[in-house]
Amino acid sequence: MNRRPHIYVLNPNSSQIVTDGLDRAVQPLRLADGPAISCLRLPQGPAGVQSQTDIDTLIPHLRAQALSVKEDAAAYVVACFSDPGLYTLREAVDVPVLGIAETGVLTALSLGQRFGVLSILQASIPRHLRYFGAMGVTDRLAADLAINMGVSELADEKKTLQRLTEVGQRLRDEHGADVVVLGCAGMANQREALEQALGIAVVEPTQATVAVALGRCLLGW
Amino acid sequence: MNRRPHIYVLNPNSSQIVTDGLDRAVQPLRLADGPAISCLRLPQGPAGVQSQTDIDTLIPHLRAQALSVKEDAAAYVVACFSDPGLYTLREAVDVPVLGIAETGVLTALSLGQRFGVLSILQASIPRHLRYFGAMGVTDRLAADLAINMGVSELADEKKTLQRLTEVGQRLRDEHGADVVVLGCAGMANQREALEQALGIAVVEPTQATVAVALGRCLLGW
Amino acid sequence: MNRRPHIYVLNPNSSQIVTDGLDRAVQPLRLADGPAISCLRLPQGPAGVQSQTDIDTLIPHLRAQALSVKEDAAAYVVACFSDPGLYTLREAVDVPVLGIAETGVLTALSLGQRFGVLSILQASIPRHLRYFGAMGVTDRLAADLAINMGVSELADEKKTLQRLTEVGQRLRDEHGADVVVLGCAGMANQREALEQALGIAVVEPTQATVAVALGRCLLGW
Amino acid sequence: MNRRPHIYVLNPNSSQIVTDGLDRAVQPLRLADGPAISCLRLPQGPAGVQSQTDIDTLIPHLRAQALSVKEDAAAYVVACFSDPGLYTLREAVDVPVLGIAETGVLTALSLGQRFGVLSILQASIPRHLRYFGAMGVTDRLAADLAINMGVSELADEKKTLQRLTEVGQRLRDEHGADVVVLGCAGMANQREALEQALGIAVVEPTQATVAVALGRCLLGW
Amino acid sequence: MNRRPHIYVLNPNSSQIVTDGLDRAVQPLRLADGPAISCLRLPQGPAGVQSQTDIDTLIPHLRAQALSVKEDAAAYVVACFSDPGLYTLREAVDVPVLGIAETGVLTALSLGQRFGVLSILQASIPRHLRYFGAMGVTDRLAADLAINMGVSELADEKKTLQRLTEVGQRLRDEHGADVVVLGCAGMANQREALEQALGIAVVEPTQATVAVALGRCLLGW
Amino acid sequence: MNRRPHIYVLNPNSSQIVTDGLDRAVQPLRLADGPAISCLRLPQGPAGVQSQTDIDTLIPHLRAQALSVKEDAAAYVVACFSDPGLYTLREAVDVPVLGIAETGVLTALSLGQRFGVLSILQASIPRHLRYFGAMGVTDRLAADLAINMGVSELADEKKTLQRLTEVGQRLRDEHGADVVVLGCAGMANQREALEQALGIAVVEPTQATVAVALGRCLLGW
């Protein structure tokens, strides 16, 4: 590897706005003596990943993209809360590959006893529940509730925060969540305001995951 | 729908031998006043589905194939023990879509208290375990053990039966399984001999799943 | 076996009305080249199975009834949502014996991620929960709620549908169920209307179970 | 209640030898100012309860027996490790009814982190597993292994202890059990010797359960 | 041991009022031919155990106290619903050591299918959930809800009963609890009135635990 | 905070050798523009933390130590695989507090599907199992096996590696582990050699945890 090692944050949708949001969110993790961190959108991906079809259609493209930057890749982060292609990428490369759903939830497990998830759409929830089941962490789940806004609507940050707050309060008060995970990469800049509003820990999963990727790069395992 | 309704059994690998084996296996489910049952191989699929990359690469093709026969499809069965594309197909069509891993395991749950799985390769097992976790049935799993033979090697039926018997005995005697699921569509014709050899129930998942698909077609839900 | 093979649907209560309802419900599963399907009431059974005492008192009679038709029995279905005598019948005969609670729930597991159950009485619920625990599927349960109507009251189909709809909406909206199981054999003819009303899949467990029994008969295992 | 209140220990098999063994085992729990403790065999019961058919056939008789001594009953203990009729008896009477499987296992949960069970026959194990699942304690189970001796054979105490020791060592060393439950009422007098032999806690479930029944009688709840 | 054997009920807070309440509560378990039962407050303990810091600070003192009465101790009961020091005491002495959370919950498991817990403070709940997880009984938990009263406030018995009743009704009606555990030793005298008010079983955990300790003393294991 | 912010790695035993090992292990995580990382031994702690008594006795001292360096503490890591005092420290300070058992296991969950644990002593295992239960991750555990060496013996690195390898192979081959966690802070320098020997991922929990602490410091949450 001649170039500086990179953590590649792969946003599997085609939105530059979402990608820029991720880029700002991971800024504190860029260090003088750490790896570079590059956020890439997937030009062939959907505008927002909202269905299983979106997921299963984009993976071959995501895999190709990952391989195309393989030379200086020190780690990859799949920045979509369905972790599309996570295991296929792990088969394709020898460096760490982390998914923001997996690592976001694992991070929540050290911040509270029962985690709530704020999903964008009702249709995402059964998919998430299957994933939490595969992870074996269902007993720690308070609830997964939808704010009922599509990925593109999240650009309206004020409305998004309002919905996140309303549904987050239900997670906290009705379902006993003491930590909340933002269930979409497109909410990356809402963490602090929402934590303020709810008074319990809020996990922004891309930040959480890039932080873990940074650690793995530094340790070399 | 002008033509007779069909249950399409989609073998997502390209092997005609495996497809022919499935075709023979489902013969008892073809009834005069029931749906036709057609087994299709996936020409663009791998020779055998053995990795997550295989799975994630074939799904777009499998989806296209499913849509291409949509007109007379009364139900679909995904005939690979990783259930590739199961949820994408469910989004694509309005008729029942069943996967042989899901329905094979659910069938086992009414035949014994602890199910064992006979996988082809060690590398399949973590993937299966994630799936059983997603299904929420981990507490019923005795163990998932590999016979360490690739899909193509299964054509040697004698050797396959010998390996299935050896590992099946370990599932029964060391892990307490009282029912065993064949963890690959390519073992479709081994059920009876293995059941004889082990003395406990053996589930051939494609048969089990097409049977359920038949019932769903007849009931119309 | 000289006579045509039969699937015996054993309704363990003494109600002819309930038995006739089952008979109509399984009509689509009667095929020219399939087994006959006979629905029997249990003359010595209670008017409706509502307590553990009802269950534990009727089993010896149910066993005797099953044995009395053993000669041409290709499979048995126990058509009561407490699956009374399921394991005793399995010990008594060599053909498949299926229970509508077990198979109804297993069927739901391929139709949604979280199943709700509509029970008749509050007192049934702890019994059901024990059963779902024995099945190892508690993690998939959204909730089990009672409509608070006895078996005999179910004859009022309009009132029953109204109650099923009200409580089904609570399962869907408050508890996150995306599939609902009718928790009593006496609701056999409500499936379609309720599915229409709720907009999510509804499992009529006797239909689901006889369909599976049909498949097992055809496959011969 | 004119007579002194009684704890009735209901042995649901017809064996006087087993009943006498229970009678000796509970002797330390007979107190001057506590309830009387009477152990009854079930004349209509099987010689030993070994199958689900045995269980389901005896319950009506067990219920009648329980009701026949209702007048001075302060509590009942069902002294068979399948807890036959437990919930039917709870419906029949207003005093505490405890089962030795349920209370034996709950007792083990405060004596070790992973409990093993010593069953008489292989065929008992799936039934036990369903029960532990219904109790929701599967995560605490190390394993349930059979000593492969029928109830009547247990009268050979020397051979029984030898088999209990051999299989108990496997529970401890191969399965990580740190407490063992005797899975049959007919082993009532082996506890101390087995505990000595294994070096980990051994629960004799009838003693454990009558002790809890005594406490409930004294407290009046 | 020259003196009569004692069950030592160790209240790890310094409150004489709470200790006196426990003393009255266990009165029915004092028998002529049973062990003496002494309730001790911990002078160095906090006024009420409300935080993890309280717990972790008091354990060395609790251990010293337990050892100071070791000579005539036949069993110990840790009478605080966080079971502080339970495993340290088990290492320190050779007689049974029981905790009221552990044994209180195990007792509830034979009185209903889903247990609710009435905690004093919201902050206790994550700690309880970790404990129920360690016990492996999470699947049986209906919910753990706080009455939002500190230990010292419990002296107002009328207000306490009112809050217990309100929150207990929510456990029963919204969360499906059919048995309730009082989640603080300071509620020892409310059991009967609350059971009356709720119409479902209520476990007073110190009584339940001393009863089990009594049984263990009598049996000598 | 005038001084540079620090991550304090609190080794709760008194061993300078173990502390020096940790110091070397975290060296790669010291960055020019990141926090300082200081490893402290606990002078009042035991030579090695091996029992629950060790744990419960040291926590007050550990808490005092943590508070004594509070001024420049940006995060704390409790570097003992029993995570002593984790929740008490979380109550005491406002910065992140992480435990190496919790974070070590969570790290393993993204490196394999079934994690094995290499404990020092048999007596540690029930304590670990309770903790994994509290974390709700029992379904992911392959097994926890002891190498049967005390903390002080670990200084013999060659013998330690040999024992780790032998028992690690059992975790991999007999129990199906595909990732292994070193279950003691005193094995900090064995990770790489063991990973080489086993051919599956090995987690050194102090490294893993300090890496996560670093990320949390950088993100400021």
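A, B, C, D, E and F are the chain letters, set down in written order, and residue numbers restart from 1 in every chain.
As a convention for this text, a contact is a pair of C-beta atoms (placed from the backbone, for glycine too) under 8 Å apart; a residue touches a chain by one contact, two chains touch by 3 or more.
Nothing here was measured: the structure is a model prediction, and the numbers come from that model.
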Those chains which touch chain E and also touch chain B: A, C, D, F
More contacts between chains, B-C or B-D: B-C
Identified repeat of the A-C interface (over half of residue pairs identical), from A-F, B-C or A-E: A-E
Centroid comparison with chain A (C-alpha atoms), farthest chain: D
Whole-Å gap separating chain D and chain E, where each centre is the average of the chain's CA atoms: 27
Inter-centroid spacing, chain E versus chain C (mean Cα positions, whole Å): 43
Centroid distance [mean C-alpha coordinates] between chain F and chain E, Å: 33
Interchain centroid distance [CA atoms averaged], chain C/chain F, Å: 52
Multi-partner residues of chain A (each touching 2 or more other chains): 130, 133, 135-136, 138-139
Chain contact graph, described as a line, ring, star, complete graph or other shape: other
All touching chain pairs, where touch follows the definition stated at the start: A-B, A-C, A-E, A-F, B-C, B-D, B-F, C-D, C-E, D-E, D-F, E-F
Chain B partner contacts - residues on chain C that touch it in the complex: 28-29, 31-34, 98, 102-103, 106-107, 109-110, 135-140, 191-192, 195, 201, 207-208, 210-212, 214-216, 218-221
List of chain D residues in touch with chain B within their complex: 125-126, 129-130, 133, 138, 143
In the complex with chain C, residue positions of chain E that touch it: 112-114, 139, 176, 178
Residues on chain B engaged by chain A in the complex (per definition of touch): 51-53, 55-57, 59-60, 63, 85, 87-88, 90-92, 127, 130-131, 133-136, 138
